[in-house]
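First chain written, first letter: the chains are A, B, C and D, and each begins at residue 1.
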Amino acid sequence: MVDRAYALFEEQQQARGIDLNVVKEKLKSLKIETPSWGYGDSGTRFKVFQKEGVPRTPFEKFEDAAQVHAVTGLAPSVAIHIPWDKVEDYGKLRSHAESLGLSIGAVNPNLFQEDEYMLGSVTNADAKVRQKATAHLLECVDIAKETGSRDLSLWFADGTNYPGQGHIRQRKTWMLESLTTMYQAMTPEMRMLIEYKCFEPAFYHTDIADWGMAYNLAQKLGPQAEVLVDTGHHLQGANIEHIVAYLLDEKRLGGFHFNSRKYADDDLIVGTVNPYELYLIFYQILDAARAQDAAIRQNVEQIAYMIDQSHNIEAKIPAMLRSVLNVQTQFAKALLINHEEVAEAANRNDVLAAEHAVRRPFEFDVTPLLVAIREEQGLPADPMQAYLNSSYGKNILVRGKGGASW
Amino acid sequence: MVDRAYALFEEQQQARGIDLNVVKEKLKSLKIETPSWGYGDSGTRFKVFQKEGVPRTPFEKFEDAAQVHAVTGLAPSVAIHIPWDKVEDYGKLRSHAESLGLSIGAVNPNLFQEDEYMLGSVTNADAKVRQKATAHLLECVDIAKETGSRDLSLWFADGTNYPGQGHIRQRKTWMLESLTTMYQAMTPEMRMLIEYKCFEPAFYHTDIADWGMAYNLAQKLGPQAEVLVDTGHHLQGANIEHIVAYLLDEKRLGGFHFNSRKYADDDLIVGTVNPYELYLIFYQILDAARAQDAAIRQNVEQIAYMIDQSHNIEAKIPAMLRSVLNVQTQFAKALLINHEEVAEAANRNDVLAAEHAVRRPFEFDVTPLLVAIREEQGLPADPMQAYLNSSYGKNILVRGKGGASW
Amino acid sequence: MVDRAYALFEEQQQARGIDLNVVKEKLKSLKIETPSWGYGDSGTRFKVFQKEGVPRTPFEKFEDAAQVHAVTGLAPSVAIHIPWDKVEDYGKLRSHAESLGLSIGAVNPNLFQEDEYMLGSVTNADAKVRQKATAHLLECVDIAKETGSRDLSLWFADGTNYPGQGHIRQRKTWMLESLTTMYQAMTPEMRMLIEYKCFEPAFYHTDIADWGMAYNLAQKLGPQAEVLVDTGHHLQGANIEHIVAYLLDEKRLGGFHFNSRKYADDDLIVGTVNPYELYLIFYQILDAARAQDAAIRQNVEQIAYMIDQSHNIEAKIPAMLRSVLNVQTQFAKALLINHEEVAEAANRNDVLAAEHAVRRPFEFDVTPLLVAIREEQGLPADPMQAYLNSSYGKNILVRGKGGASW
Amino acid sequence: MVDRAYALFEEQQQARGIDLNVVKEKLKSLKIETPSWGYGDSGTRFKVFQKEGVPRTPFEKFEDAAQVHAVTGLAPSVAIHIPWDKVEDYGKLRSHAESLGLSIGAVNPNLFQEDEYMLGSVTNADAKVRQKATAHLLECVDIAKETGSRDLSLWFADGTNYPGQGHIRQRKTWMLESLTTMYQAMTPEMRMLIEYKCFEPAFYHTDIADWGMAYNLAQKLGPQAEVLVDTGHHLQGANIEHIVAYLLDEKRLGGFHFNSRKYADDDLIVGTVNPYELYLIFYQILDAARAQDAAIRQNVEQIAYMIDQSHNIEAKIPAMLRSVLNVQTQFAKALLINHEEVAEAANRNDVLAAEHAVRRPFEFDVTPLLVAIREEQGLPADPMQAYLNSSYGKNILVRGKGGASW
């Protein structure tokens, strides 16, 4: 059945002018970074449920992550969070990762869990706190040197809960100061990815509240600073793919933190609330990959695709598997868009045909295609089932409860 | 200056046809319940900052609450949360409260912090979990008997994060079953207040998601079941005062959990984001207090005004003081509305005059009025300053960090 | 290729335990009502663009609607709007419809386009206006008798723009009074479908603002009153499928006005913004179709599926074709859900497996299935292409511009 | 009473360290531009209700606007919309305005009401349409020269309803091209104010969707391009005062279109939904007016305060009066903020005191202050009453219905 399915799929796509060899090549090049913290416990302010088998150390997190990569071939790097993943010897962590077939991905400073940061870290009115926060950023640059990480991924919880609590413009200046210091410490190969978020944990104003503020910072800092789009960090109704296209056109899209949301920053598994949105994001990216401007195309090449989710109730490793598979699925579908067909319809003002040309590939079942590339890559046809069939999930139960959490 | 201010205020209001004696009487009858948990530490999923001096026991929470009542005369009762406020001897807690001039208010069951409740409490697919949850509800009825509490205040975190995770209609049935059991255990003097919430901690569906679901439950349960409106539990744009008016017209408004929100369920201090909304809620209540239907007027009399906030970064006792004072302020302003003036303008289709008749009293500074009633009640003119001038805040620092939290 | 595709699809579904014969039968029974006004010009407050070829009379609207039904077999009835579709002789309109293979569907009163209704129709403070509005409702009952319509579909623009402009509780009473009068005039075969909307054109409060208010009205009126869910009439974040499941459990779901929205009541083509939401709605309906309670199953049978969109920039007939096809597609996908598989996963608390059991069928490409039933029904395999290949679209251009609009 | 009220108010403010002479001077310098179209009929897509007495010509609009200025002293300029206010001789219109004590304010091109613009004006895929649209922009520059207008106020309805309908990045380029052409035609005294809007009338993507896109355009164009903030053009939850502070810090805040919204772009009277938000906007502006950076202070000086509302159901002239008075009221309150008090509290991390320092002045009744400056300016103490007492409103009824609308 599998072979017939693929043959039929290929025939179908050929008829649409889609060359599956090209599609397959792009599919095989897709890399999605998983976050070390996604393997640990997380929750809401109401409760963090503890799961048995959750990794107890950064080393165990990499072991779990290796499982995701082993069956999917999609997740060769793992983002770390400092100090959650602080170790004495990063060389050792790096060797551990490499021994598992992984690399260490983005380094994420953490500036929201110490008492001093209650009213801000790099935007705190107290210069000592700002210095401490900036020192942590510099520490993370150093760690990135040791881990061989290209990206420093910055999210700030900084903001205020009430008018008057902090001085908005002053804080804006302090943010730039701190990031400038960090920027100057980076090696030429490094990138600073600046994340924005509309609210939470700050409930009045957030210092970097939207893409415009992150982008403006990046522009002031220099070419190694780019914007990081977390799909859950927008106000209701925001057109994320528009922002993505916009940033690509400005060559400032650093990467993604993928997850799903129905309400606020729900941090659900990517692709479970509105999979079409994820598909449309890839549509914009693939459109930009065809841009005449080489700099835009280069930006596309350097996008960091990363998962950032809270698996509050889900089994962690399967949740991560589902996440990278969902991204792969929507990416595969988007690769079937015939851009000429869209353009041709749009150019004759045929709104319905243009919309259909974009949406139709979303309706294709790409399973035959995914099975085919997995076979070609020596991967299991059904990665989730392969993982569940393994004994790994049971074996780690000996870790007990009370492992890593954030 | 104070006397001249009041004289002028009185003159001004008389000219508008407002009898300040009536206003004062109503103002003096305002009672706002504060929640025991509002005196403890709280936070977001990112961090719970610990404050020095936070109460370590339910008894200390009442001592803090007594401070709020002592300087405002507004907060004579305190809601408790079980098991956060579980004590061996509720009679002793009640005596303690009474010795402080307080009574024990609504009893709040907690069905979201035990591992079994990860996938639901009264709507869990496992009958044993549902029984355990229902048993806790019955325990709370028993506690309410001991504490002399009229109200059982129910909020359920129950819901799902993903389609398919739970069966929506079955869970609806289970919810009704459990509440029916609880309802039947209540004494005739008790009321069941059913709270609703659009989301969080559940991110796909919440079993009691909006006022309509809470109201429908209340109708099925009987006359002692009413709806509890938490001002932070609505989707963006919801007209809360419309819901309030609607529930009053149906004689099913049990009470409020007051707080402010700009984004989601931010649980900020009431009256700090859009104070006009709070005023408009009181406008609807005071309008209903003039209804011809005696049952509506009776509903108004029995509304439980309660604070429900998370003081993540604020000093707890001052935060609570500010909260009850903000409620008092908006209530005082709403008492200055001349309902005949509104009706007269509306009846001649003068939209602008009607709007102005509602909004104008919001612009009055009611400080002279509040100072006057405080003086008449033997309370400090400036309750916040009176508290800050006292040594209480410093004395409790000996409690250290690590007190109660949720 | 078509045959092989179907064979493969059938094999695949059989392996999942899905009997395609059952699926096909249900698919063939799907009926979607299109609205007469969807064939005319519409727009935003900024501009109504006029299209050539738009129907000039109710008779021409039915002719256009017949095209949609002819190629899809999905749209045998057409909703009418009074007075937009007012004719001297409804028997003649009915005959015209029947001669085209159509029937007249829901009758929609219009109570928002006359000057008297500026401040409300059935909730206007002026008794004469309320009487006029109620008389129009009664007129529509009479029309429904002539047209043989089962459903009276009620949407009220009534509401206020400012606090004080109208008396919320009084208006609530007037609404019930008017609907009671109408209800009593209905024949036992008729149904009153009560629509709700959160806002627009009223921007402060809307008299029937949410499902809870519509449902409460229906309960007071009697068993022939049900709730009409317009998918674009909710606040951001509302879980529509939850509301659908809830109403089915209460046996009060009258039907749908399908359309898509990204922001407010955008009235875009159904299935173009978040097709997964439409699928999840059908999931709840199909789940209810399996309920033990026969009354719930009967409610499912009587759901009126209707399109309600504004084709501001689209070609009207193709837009309607796309709409009914999108509904059919998602319905077809939802029919592939294996409910036992979902239940089994949910019962063993496997959140991820349950979610996947619901979502996986959404990924299937149902084209082979749809082509198969079209062939069996003697319909074109590609209805859109069939219509575009016909000369109808060109022929109606003689109508010129300036046809029907709302 | 008036004198005593002012004396008391002055005493009160002096005690707070507020110098009323400074406050009065700033209050007297407040100028709010009213829009010509705000005197005409407007509505929703459902209905434009026609009012008697609505101006029939641009000249009559200025006559109505003169009434607003005559009684308030606040509204000396009037924005015009081309072609709604197209006249043969702009010199004549200007003379007419001046004879009424008015000047012609911002010139607003209209690029959304011609058939060619259905799929975009300056971002249309058709070069001829783009050229026509750009020509209109140039025409408006010419008109501004004739009218002596400093500001060109640009709002584009351009956007798409469906993915694929238009090419997002190409349209971005075309937008910049067109604005560059316009920018180069402007005299050195002119300013281009670029407005953004999240949605409506476009329901998928809007070419200038948020402040970041408008700001980025302004940066590319040059120092005469600035951002225009319409208070109703944001997604729910957006912190508008944060955006205002941000733009001031970047010296790119061109001005405001004031109005209120509860849901979408409701265009209600400013200050009627959340007056505190308007106050907080002025708080940020007044804070920036104290900035060390002279360029920021200069930006504050040049902010254009403009009304942009749809008076769908209100009497037009009184609606405009209410609007400018509401702005004046909140500006007056914000002038009472003691910025040192806020800073002092914030600097000692007293969140509650800082919040209170910002919010407390909002509670003052500024009527005595406003009456005082009106008296000093020779204006009626109650401008609304003065207007209503005049015969103007009755006299214009001879204009009948069917006047200007948009």
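Note that in this section contacts are C-beta pairs under 8 Å (C-beta built on N, C-alpha and C of every residue); 3 or more make two chains touch, one makes a residue touch a chain.
Just so it is clear, the model here is predicted, and its values are computed rather than measured.
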item: Intersection of contact partners for subunit C and subunit D; value: A, B
item: Chain pair showing more contacts of the two, A-D and A-B; value: A-D
item: Distance from subunit B to subunit A - Cα centre to Cα centre, in angstrom; value: 40
item: Multi-chain contact residues (two or more partners), subunit C; value: 119, 161-163, 198-199, 204, 236-237, 239, 262-263, 269, 272, 313-314, 351, 355-356, 359
item: Contacting residues of subunit B [partner subunit D, same complex]; value: 1, 4-5, 8, 11-12, 236-237, 239, 262-263, 269, 272-277, 313-315, 318-319, 322, 329, 351-352, 355-356, 359, 362-367, 384
item: Residues on subunit D engaged by subunit A in the complex (per definition of touch); value: 119, 125, 161-169, 172-173, 198-199, 204-205, 209-213, 215-216, 235-239, 241-242, 245-246, 248-250, 280, 283-284, 287-288, 291, 342-343, 345-347, 349, 351, 354-359
item: Of subunit D, residues touching subunit C in the complex; value: 42-50, 112-113, 115, 118-119, 157, 161-163, 198-201, 203-204, 236, 261-264, 266, 268-269, 272, 310, 312-314
